[in-house]
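After this come two complexes, each holding chain A, first together with chain B and then together with chain C.
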Partner chain A sequence: MTATGVPGHLTQGSATRGGIGESTLRPDGTLKVTGEFAYASDMWHEDMLWGHTLRSPHAHARIVSVDTGEALAQAGVYAVLTHDDLPAEVKNYGLEIQDTPALAHGRVRHHGEPVALVAADHPETARRAAAKIKVVYEELPLVTDEASATAPGAPLLHEGRDDHHAAHTPHPNIVHRQPIVHGDVAAGRARADVVVTGEYVFGMQDQAFLGPESGLAVPAEDGGVDLYVATQWLHADLRQIAPVLGLPEEKVRMTLSGVGGAFGGREDLSMQIHACLLALRTGKPVKMVYNRFESFFGHVHRHPAKLHYEHGATRDGKLTHLVCRIVLDGGAYASSSPAVVGNAASLGAGPYVIDNVEIETLALYTNNPPCGAMRGFGAVQACFAYEAQMDKLAAALGMDPVELRQLNAMEQGSVLPTGQSVDSPAPVAELLRRVKARPLPPERQWESAGGPADVRALPGGLSNTTHGEGVVRGVGYAVGIKNVGFSEGFDDYSTARVRLQVAGGEPVAVVHTAMAEVGQGGITVHAQIARTELGVSQVTIHPADTQVGSAGSTSASRQTYVTGGAVKHACEAVREKVLERGRAKLGTYHPAWATAELLLEGGKVVTDGGEVLASLAEVLGDEVVDLELEWRHRPTEPFDLRTGQGNGHVQYSFAAHRAVVEVDTELGLVKVVELACAQDVGKALNPLSVVGQIQGGSTQGLGVAVMEEIVVDPATAKVRNPSFTDYLIPTILDTPTIPVDVLELADDHAPYGLRGVGEAPTLSSTPAVLAAIRAATGLELNRTPVRPEHLTGS
Partner chain B sequence: MRVNFTVNGRRQEADDVWEGESLLYVLRERMGLPGSKNACEQGECGSCTVRLDGVPVCSCLVAAGQAQDRDIVTVEGLAALAACRTEGGDCASGACGTGLDEARQWRADPARGTDSQTGEGTELSPVQQAFIDAGAVQCGFCTPGLLVAADEMLEANPSPSDADIREALSGNLCRCTGYEKILDAVRLAAARQEGTVSR
Partner chain C sequence: MDFLRPAGWEEALAAKAEHPAAVPIAGGTDVMVEINFDHRRPDHLLDLGRIEELTAWEDLGDSVRLGASVPYSRIMKHLRGDLPGLALASHTVASPQIRNRGGVGGNLGTASPAGDAHPALLAAGAEIEAESVRGTRLIPVDDFYTGVKRNALAPDELIRAVRIRKADGPQQFSKVGTRNAMVIAVCAFGIALHPETRTVRTGIGSAAPTPIRAKAAEEFLNAALEEGNHWESEAPLPDSLVKQFATLAAGACNPIDDVRGTAAYRRHAIGVLARRTLGWTWSARERSTACA
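Let's turn to the complex of A and B:
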């Protein structure tokens, strides 16, 4: 089911090829191009049933009654479940705060909340039966923004909440609040020659992974269940699923099936508990596959945000102070809102040195769709605002916007507003220099010598809306900072099991982790690490499951660092065992066994001088070395609840973009012509994959700059565009050339010096595009995404 | 109802098909060919792209009954189709193509164990190989649809410009790659076909 191993042409030869630093190809590539790779929605089992979810049509309502009789009477229907059918004391789940009902209990808090489940022998039968469940709702008043959430007498989303944030939030409809106080803002303001302020709005973005939420639950003879599912963190799922099923964790066996993208949208549970409940009730395997409409309700989104920023600077451009307030809409359930607040607050000043800072960040409970993790995780919204501020400040000072940024850029040794020192390279100014130094793409590329305009190169494209008239160009820059790994004192460990043995005369390593491969290429990198550390060509990647310890989440740009670190650590321990055995078995034949630094290379034990002491076959014979070990990065600390001070982060990732856009000012259409990126990755373990991550992340940032937004009706809190017809993501026509400049400045604290890659490019891409549109049009544009009406004023 | 059609060069028969089922559903759930993907099921993303009598279509928008007596090529048949093109054979005759039994061994059945296969040694079409080599595959969910669309474009236009590639693939959404490496892959496949770049 899960792809393993490596293509043959990569494993040949006696030298250990395919190690770190090479662009080895994906081990699952062949399966993915032939259609054989088994995604969660491809799972199949003899006699399986199809599950379907009935969801709330209202954003806030009391459930007066539920009548499942008619649905249950339908031919082909095996089960209909509601909250009353939940088998255990535990009825709620949640990543951090267990506030989310597995099925709604007496009340729905957002549009699309799951209310009931159906299992039937055909997906259409299940859908039609769900439509026959009679639910009587009584609508309740809505809470949709900060004003309505904190108004006197506002309905509370979670009365009597007793989570660990409850005591310090100023209102029960505020999930978490994190202030940061650093230096003396009044003194800074007094020194400022120029002060600029801005109010910014960031729209709700969807992860829009292409593989819908899906999985297959198979009931087992021991009363447990086997769940095959697409997720980002198997063990976190398990921790949330088992209590609601009333089963011990060892009776819920999870295996990762093929994952069609994630981007944060699979951190929270979707169909996992539901499929298991139906399978345990019916005694039959149950498959659930969301369609795109349901997928828009089936996962959390990126927090929409309102941001107020004030920056001051001296006449020569030195920043004097920052005051900012960031309000994130967390929607009906907590999801990962508290951690998103921590990120937005601690990175709210951006990659700049500012001595005097006051930041307040909070997340609301509202009746809007729940929001949680998406690539960039709180740092994205802040970057959009502080980078707009940098341009505004540069204009007010009459300075070049890149020079202003470079003048204030953080570097190694700079101190964040949290008081934490940046103790690894921070080449912010250099990244900007690199994108700026690139030659600009030629102007008026739609023109051909003498011929008609190639409309494909113009805003509006084949819609043939312009032949170049009314089209203006703009160039914009932005840079951002993202933390890597889980922060604020979280025990962010990973586990790897590595087995080394000789089979058929050839040494073979097996790497087993629970890491969710969601497309990022972690499995490619794990095989590379094993080849480098163990000097073997053949590495098999075991399917990810819960039979091995937790790998933590495929989130926060952390897996290459943390699970990569765990694989490296386990390989090193295996290597030590091999050398121990070699010394015991063969030490008397050569003094170098005792005296030299020994390595594994090309299937052999060699001295650092290159002398071969023995083959692995000679050392190991029939023996198997098999170790499972945990690995941790440096610990972090929580942020102080009043001052926000603390060494909260383990590593940072920096990227800069230059966007070149052409805007049809009459119709408000934007074409991004080029989106250049420069990023420091510490060490590119797989350069091809690194560039792919940067280009993909940049494109998601472009999407939320010019098209992507979940539109929630403020009057009803209902989602108005839950489809790919109405929620647009960039096509190949919307996406420009993305030249990438990769720096490799090692972080000495990290394995191989590497730096997490995936998220940073999503930060600066959006503000760079916005800056370019502002430069082209002269408009202020304080919200993203920019829509045509914002450009034409219509 | 019963649907008779040709899938990847072989005559096939699907029984007990409900009239509301799409061609995509029949391929995935009744033929054991899950390569065509179900990302939106509303004709917006192109991940279910197959060729219907040679023309790329979103199979989620084709009613199963409309496939009666038609020729379907899915991602599972691309390698055979490419081999057939090279040999100048007649693909519709059933002389080449992937048999259903052969294809069904790919079926994702956890009861058969979760042991892996790498697909090592599998025969690939030039465009499939180019997607792997150029790094155009990340999560891979868009890949089957893109491959069918790209293969058809290269059949009609062996030397496409970048604008041609973008236009031909504009109906296929990808969320992972930013499309750069997909462009690279199609350029690479075109160059290899023309013999200007070797494998």
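Let's turn to the complex of A and C:
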């Protein structure tokens, strides 16, 4: 092929490296591993003060009086603030319902609720001053579960609530209730040869991100404030912060600082308003960093749940009906409880075709710790229960549990209980087939020829509790369904600004979004998309801030889909501008400018046949192409409040697991030996990141199967284990081999056909581990996490 | 809070005499957690980090004089032969980073029933070398633990070292936690066979207000081993004997229900561990006898 009409040094286009589909490495990876990455807690400002939060020691109490005099009199203390010092009419915030006081007003509703703030020149001074604030409390009766929340005369958590759910909930202590009615359950039940029921309990899991809540607020000369903070959604923070500060949004400028994990726990505000209030009051920069203890009170947790399930099936294993009731404990404030209810309800039947369904899901207001977003968001609790039911049903039918699932598995075109048709690949049966087809790990791996037992391969590990005695293997399977993106009619858009210019003779793209990089890998993916779409190798990712439009939340497995989609969309628009410019400037040199499909590749404009027309440097010269555009996925609809019908979701994500465990049946200790996963990701934009997400999600699901739980004392509603001493998360010795099988069945509605990845593996991991432990022990185990005493009966 | 940094042992003893409420800090793996969680705000911290002799050990012939600050990682590496029970216990202490800092002196000073070293010390037989400006005394480990997080040290005393009998037979240590590493003991059990004295000693952690020995279990076992002439035999112990030992060990517990586990589970688990570790040590004895 010969190029004509173009400078001689350009002959042929070369593919751009580092585009989508490649496992490009995280720019922050090495820094994080070597301890050099700057997290939000590492920020420092000349002359800064330290903020400290005084929190309630009670779960429910009237605040009789607050005396800040002695605290204010301490040397080094610059400000002490209570509810009375809030500067604006707006005193509450909240993601969906603004029911959370920035500082407690006359009453505290949960253990650890913020009551007062101190700013001082040293963190220890601030802490000591806070201890000198005299708060007189009068304890109030507690609401801790459904019975106490809805009993006659129950104390109301939020009297006179007038939010948009208030009118349809059966009781003011119910945040939101979503029924789903589909088909005819009575008719289904009449056809059932076998019916199984179960009561299930899901414990309160914590996100346990490693970087505690932290940020730095710097007062600005214009009366506004600059806030540097680790969060999940800058613009949602901004929308809640500005009104409480009494400032217009443009005077609260937010920049994302180094985030050490999120998993949903940074969707709600923590120290954002507090640091800004202290900075604006003192006129000085204020840094706030929670320690680990405070962090357990500083963010919402995963909703604990009680679930009742009834499934029926014909003798040959076809599901006839499902009745279920899911009660989620939302704790003292709404947070994202309504959306969690919507998910648990709409996905409560799992990835199965069931013609006759009645589901009721509700979230309570109680005096327990507030619960909200966490990886899997309502779908996790349901999956634990419906997968236990599938095993129970298989046992009752004498069927293989995987075959029973495959027989009823959803596929493309299946209809959910919400009436919504699944309009992209749903390879549920295939995912199960793949994990089942894997060879099992060898038995008794702790045995070495003639030598002592390798305790690392045994339950208990180096704690040396067994050399093989009492150890029984079990294998269990599970599969789950998670929605991707915000559902129920939410305008789930994202914004990307892309600039292309030539610097030093090389084309350089800058991608600017407000996407919170919390570890999910968006920074890598955005650069890959820009390389693929613009054919440049140099891409700069601009720091995330509120100087560009919203990117939506880094949650709901949505960022690669939606902000990735926005980056793609903006890049395509930039490319069009470049080509327009090229046609105008160079179109006369070659007829292909007018006739061929043109691409940008290797820093050049090429035809789809691979012929080079010009370099970007030639096309652009000194010109900068700079566009900021919004992009949204297909719209969704709210669920009908009585029937739950509606096209509520935009996409689904499916994963299946096979867990192999070894249980010391005498001591009740568990070693998960292998946790194989198969997941359809549509298109793996960064295969290494995808596998990392799947392994991480699987491990987080394992955690809540065997150890992770915030223990709340039912008598006091206080948290009993707010530390990493007693809130245990898996160590590397608890983490099994996680072989991952990635399917790429394109969803034609999504950019590149991709499917959100991050949450699905968290769903099926937990029930697969539970199923394996049941197989090893023969116990029913209707509660997660499983503790040793549940397995030994002591 | 004042931070005292004596350059040597005599200076440390003088500082402790002057400030009896001063909290000694060596590895800091207990003290710093308490300070960070605001559970403790002593007026004085007494930093023992500059006192080199605390990180050394000495062979006294039939025992090891283990400096109070010898880190667990060095016990694991260098003292596995002489102190096998303590080496096994050291393996279960927290994470590699903590094992590089923490030592037995801190476990003894804190005297938490959950301290990992205690069952091994009780089983092996040990004396705590307590020193003050008034002089040195040796406190038998059996008398050392006086209550929940309380020990027999006088306010002006510091732990200089622990004298631990060298193993004259197999030893074992097992700890139950709800995670496979880096976990506080739900309960723990140590056992040491002492063929020279034809006795077996035990230690129980986290299943009573203090670390304890399962004395009734030991007495039963010692008597039964004599009666059945088992020390002379290479045969495995009769199941009924092992079972009774385990039952008595479980019976020695006086545990509580807490966030880490139930009392009933702790009692049950100590029984299982007692049975298993007795089996392991006894069969190791058989092997060593056979080899000899």
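Quick notes on this one:
Methods note: the second predicted complex is superposed on the first by the 773 of 794 C-alpha atoms of A that agree within 3 Å, B and C clash if a C-alpha of one lies under 4 Å from a C-alpha of the other, contacts with A are read in each partner's own complex, and residues count from 1 in each chain.
Everything that follows uses one rule, which is that a residue touches a chain if its C-beta (ideal position, glycine included) is under 8 Å from a C-beta of that chain, and two chains touch if they have at least 3 such contacts.
Quantities reported herein were computed from a predicted structural model and do not represent experimental measurements.
When the two complexes are overlaid, the chain among chain B and chain C that reaches more residues of chain A is B. In the superposition on chain A, contact of A:564 is made with neither chain B nor chain C. Of the two partner chains placed around the shared chain by superposition, chain B is the only one that A:216 touches, whereas chain C remains out of contact. Residue contacts after overlaying the shared chain place A:291 against chain B and chain C alike.
With both structures placed on the common chain, the touch criterion links A:43 to chain B but leaves chain C unconnected. In the superposition on chain A, contact of A:666 is made with chain C only, not with chain B. Contact with chain C, but none with chain B, is seen for A:794 once the two complexes are overlaid on the shared chain.
When both complexes are overlaid on chain A, the residue A:520 reaches chain B alone and has no touch with chain C. Judged by the touch definition given at the top, the superposed model places A:465 against chain C, while chain B stays out of reach.
Within the superposed three-chain model, A:698 lies in touch with chain B and out of touch with chain C [touch as defined at top]. Common to the chain B and chain C contact sets on chain A are residues 291, 462, 723, 725, 731-733. For chain C in complex with chain A, the residues that touch the partner chain are 33, 36-38, 88, 91-92, 172-184, 186, 259-262, 264-265, 267-269, 272-273, 276, 280.
Touching chain A in their complex are the following residues of chain B: 18, 20-21, 28-29, 32-42, 44-45, 47, 74-76, 78-79, 106-111, 114-122, 124, 128-129, 131-133, 135, 137-144, 147, 163, 165-167, 169-183. Of all the residues in chain A, the ones that touch chain B in their complex are 1-8, 23, 25-39, 41-46, 122, 124, 207-212, 216, 218, 226, 228, 255, 257-263, 289, 291-292, 454, 456-457, 462, 518-521, 540-541, 543, 545, 688-689, 691-692, 695-700, 723-725, 729, 731-733, 735, 737-738. Those residues of chain A that touch chain C in the shared complex are 127, 291, 293, 459-467, 469-470, 666-669, 671, 706-707, 711, 720-721, 723, 725-726, 728, 730-734, 787-789, 792, 794.
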